[in-house]
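Attaching a single structure in structure tokens format; questions to follow.
Chain IDs A, B, C and D follow the sequence of writing; residue 1 opens each chain.
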Amino acid sequence: MIIVLKPGVAQESVDEILGLIASKDLKPLHMPGAERVVLGALGDERVLAELSLEGHPDVESVKPILQPYKLVSREIHPHDTVVKIGNVAVGGKEFCVVAGPCAVETPEQVRASADAVKAGGAHAIRAGAYKPRSSPYSFQGHGPDGLRLLAEVGREMGLPIVTEVMDVADVELVAEEADCLQIGARNMQNFGLLKAVGRTRRPILLKRGMAAKVEDLLLAAEYILAEGNEQVILCERGIRTFETATRNTLDLNAIPYIKQKTHLPVMVDPSHGTGVRDLVIPMALAAAACGADGILVEVHENPAKAWSDGAQSLYPEQFEQLMTRLKPVVKAVGRTLGPASAA
Amino acid sequence: MIIVLKPGVAQESVDEILGLIASKDLKPLHMPGAERVVLGALGDERVLAELSLEGHPDVESVKPILQPYKLVSREIHPHDTVVKIGNVAVGGKEFCVVAGPCAVETPEQVRASADAVKAGGAHAIRAGAYKPRSSPYSFQGHGPDGLRLLAEVGREMGLPIVTEVMDVADVELVAEEADCLQIGARNMQNFGLLKAVGRTRRPILLKRGMAAKVEDLLLAAEYILAEGNEQVILCERGIRTFETATRNTLDLNAIPYIKQKTHLPVMVDPSHGTGVRDLVIPMALAAAACGADGILVEVHENPAKAWSDGAQSLYPEQFEQLMTRLKPVVKAVGRTLGPASAA
Amino acid sequence: MIIVLKPGVAQESVDEILGLIASKDLKPLHMPGAERVVLGALGDERVLAELSLEGHPDVESVKPILQPYKLVSREIHPHDTVVKIGNVAVGGKEFCVVAGPCAVETPEQVRASADAVKAGGAHAIRAGAYKPRSSPYSFQGHGPDGLRLLAEVGREMGLPIVTEVMDVADVELVAEEADCLQIGARNMQNFGLLKAVGRTRRPILLKRGMAAKVEDLLLAAEYILAEGNEQVILCERGIRTFETATRNTLDLNAIPYIKQKTHLPVMVDPSHGTGVRDLVIPMALAAAACGADGILVEVHENPAKAWSDGAQSLYPEQFEQLMTRLKPVVKAVGRTLGPASAA
Amino acid sequence: MIIVLKPGVAQESVDEILGLIASKDLKPLHMPGAERVVLGALGDERVLAELSLEGHPDVESVKPILQPYKLVSREIHPHDTVVKIGNVAVGGKEFCVVAGPCAVETPEQVRASADAVKAGGAHAIRAGAYKPRSSPYSFQGHGPDGLRLLAEVGREMGLPIVTEVMDVADVELVAEEADCLQIGARNMQNFGLLKAVGRTRRPILLKRGMAAKVEDLLLAAEYILAEGNEQVILCERGIRTFETATRNTLDLNAIPYIKQKTHLPVMVDPSHGTGVRDLVIPMALAAAACGADGILVEVHENPAKAWSDGAQSLYPEQFEQLMTRLKPVVKAVGRTLGPASAA
């Protein structure tokens, strides 16, 4: 329920109502605004009805929350949330570009790739130290050593780092080293992991699962917010369909739909969303045009030698071309694509 | 097979080789270029091998056509085809906007909708006189009367018309009245209909089926070209997936993929591709950004009263807003969005 | 609307009410039962409301038809419809097996395949003279000659024939020669064709489209029944999903669902439903177990040399094995699998 | 690689070759058979090639493992694996029925449901103490208390228990209390969890993910076997498609396909596979007919009051009816459905 208070209600009255909500074992929310205070109550709405808050002298109106998700909904939080990855703002006027190789392979490869994305104008670097792989015989990532290497390179370059965490046991370490924790598509409904990252105070990049409806994605984000972490960025990365020309079907419909339903920022991953290098640039432009807050793109110093995802990784010169072509499109939709430092 | 002739080969030698191909019951293709002539031979490649054209003194090389589609392939036709709908060019530098109501309902509605799309800057008008409807109890269109009304309004307004044909028996009449014949998604593999429109000399707008892979779409176009009609525009209009937030999942990956594989122009229908009015503008912008040659968009003078597809039709003022927002995006990708007359 | 009359109502009262319905341009239905007469009225229910039939002295009750399909619905036709293909009943106690090659290739091949399916115990033979093929360069069928050959062999063998019709122009000829007209998956929403076969008095085998929801299939059948042909057999043949191990995903959930919603019989095509020869027998058994009224299965005298669909066609000895293994499963679910003559 | 030794090779030669494989950092497998010994080597096949084992005097042949999965493949393990859940064998001649409520709700509900499934003839009981729920506001299960309650009831009734584990941290406790650990569809690619259950010595029931290809499922099982636990049962429980009449689309094609590719047993969950109570019995029969080794079915003492999945849970009398109807189908395919004690 959303409880809109009358203008100018005293703090003690606010506290009283929050207390009433809590007394019924509902979760109270306090959302003070410029003109008036809005309260929320999460839980069994029949229980709340017993309080008859509509009749309370300081309450203007009581409205149900129509969506199954609550904290992520624009209904109770109408303004855009801006998430900070290091010093990079995601969800504001600036369009955000996070780029880097699929995996941390070697110190040379990480440095060369970081050089390339920095030179191209990326705002942050991505690379995986923990790799979810369909086969147990594929390269599984370097783990903690890879993580520390990535963090070190990020610091040297002044690039915030985004990296995946796959296991609850690793959350603490990754939260220490990384500026933003990625939850991969396969773990979108790994609820224990969602709760664990919800208890950190790091931004979370939450990727949509391959068979997840947008509503499922928003509910997965709700798990994180419900633990107290409101720094969540959603990410569309392609869904599974019958089409085999591309690795996945990038569902850009989801971008304007998500922006309507939630205040959280949303990014697009055109690399996994297509699986085909030549399609990455046009789909990055499309993502910017339909309102995404940024992109996550795979760039490798030498994709032909990449240990994973080579077929969808951009060459450094292609990344430069992407940034050059992205700038006018971003501007055409009223946003900016500045240098990393200004992001 | 693609047979590349040596530079400066005499016409009689060209004719001789074409005759050899035809003598084996293969379909010969003549593709003269600026510097040299390229020939094609469609049919059983083992039969062609018997001719041993590699050994012919005027032949430079013989290459297999790797794709299952031939005439639509960029392999044998590397340059973009530009299709003319009336005086409107599709597939060139100009981005093309075809707009109008789902169906021809009444003279007043067609005129008012035509006024709206003309005022907004559309290059051509679309509306259905023959309507494919899932239920036999839904409005099935006004048929020939609707068609003639639409044609009349188009002429009055100076707007070329695009309208659907569903049955072989109607092809002749529709080809007489309309500037471009649309094949709907449900008929993409109605091969008799494809052949019939292939025998007209009108441009064809071929929509992708709901479960069609891009390769199926290209093969469907091949049916039309194989009958001698090369004026084909492809159209992405959303595919069926598990996502229920939108009516279909608009597969924009298909746009750059199609542009790679074929020389034919490709448009996007963000109205059917989303099924949700509020998502139409952002997805139209995305279509322009990723390289589509134009859009097909539903606009109704009063969507709340539309006899079909009201939920996805734009209000006239929204169409104006679409055109205003489209212009800078089109420009950002190096194309133009001019007034109807200049198209 | 369903209008249930009181017991013992006189025929003239029935006629009067049917006349009232028709006077409002609604389609009247007359469904006399053992105890009482039930009438139907199809069309705009608001118009019907003006008649206020609830108040008529001979009317017991007026109920809305809840489903979007009417004539195919069990709501207005609770008992199973039995369709006769020649002398073979589909939809009764007997489980029906229709078998044969994908296409009519040569007289020898048709005869040898017919021998094989007859020997194995099939009740009817299937083969295509008109072939819908994704590519215009694939074998398109022998057309009328193939049709006549198939009909001749069917008569010689005493096997009713089931064959596809793709074009409205061919309906008359196919209806003359064949015992049952098949509408293929690609034409499930070719509404002109549905109407044309609805005007014949031949049984129709209607295959589910690759992206058709069961509701779409039932509405497609409604088109046929609305033209006066109630002899419709539905056929599940696999839908398109992300799974690539099989050609399609056979949706057997649809069988018991369809049996609940409609009185029409339903068959299963495990050949197209899997696309893999080794999966055909187990899926045929599954189809029988979950309540299908029969199967449609591809059998070729020599699949390795089949001009189409060889990979999913059974060898004659596999078809015998199928029939042997099918018999106890059919019996286990309370039905019978008799010799062709007894079918 | 699969290395087939010559008949009668001495143990020391076997050990020598296993040592050679290990010396190259490949994983050696020892598969002694009745007539001859087969060895396996998992890892980079180029490295293995350096050993030139084809030339070794005791080696008969060296064959590549064609599938991306190895230990689960029938190529290196041709005979069916039989997994024991308590005293219940899965994968042998006996068809196995695991039944019970979606969740452990109350002691009374667990006891009543256990009574019902025991009376009906189930071989084991299933219920969830840890519940993966799309929304954080849905009932999340009673956790350890629920687990212990279920275990207690199972022991009282003599029914082995199958229950889900969602987090690595809970694996030890669940492995202590439960006879079989279920990995749910959402966790099919939670690789840390797969490895953790792979280190237990309990049987694992691995459910297919909603967007997982069968190959992905087999690779997920490979993760468990690669840790040393070969007691894995696969489970088809429906995939996500465009069809909305049912909660999921049960992919029974997968059953015979899986039986071809792997030696592991496979079960079917018709409750989640349909989401509709009335479809559960027919799909259970279909599962048995196409070769599944058993079913997992939701039964609740009072589905109308179930805290979750009520719409797909059978009433006790429906479960009895299921077992009655299942028996002849199981027999028709050459298997048995005995009393729990004989399983």
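The working rule: a residue touches a chain if its C-beta (ideal position, glycine included) is under 8 Å from a C-beta of that chain, and two chains touch if they have at least 3 such contacts.
All values reported here derive from a predicted model rather than from experimental measurement.
> Between A-C, B-C or C-D, which repeats the contact pattern of A-D in over half of its pairs?
Answer for A-D: the repeating interface is B-C.
> Please indicate which chain is farthest from chain A, where distance is taken between mean Cα coordinates of the chains.
C
> Taking the mean of the CA coordinates per chain, how far is chain A from chain B in Å?
Roughly 37 Å, centre to centre.
> Any idea how many Å lie between the Cα centroids of chain B and chain D?
49
> By the touch rule stated above, which residues of chain C touch at least two different other chains?
211, 239-242, 244
> Enumerate the contact residues on chain D facing chain B in the complex.
Going by the criterion above, the answer is residues 240-242, 244.
> Using the touch rule from the top, collect the residues of chain A that touch chain B in their complex.
Interface residues on chain A, with respect to chain B: 211, 213-215, 239, 241-246, 249-257, 260, 273-274, 276, 278-279, 282-283, 285-291, 325, 328-329, 331-333.
> Where on chain C is chain B touching in the complex?
These residues of chain C touch chain B: 42-43, 68-70, 132-137, 166-169, 186-187, 189-192, 209-211, 216, 219-220, 222-223, 226, 239-240.
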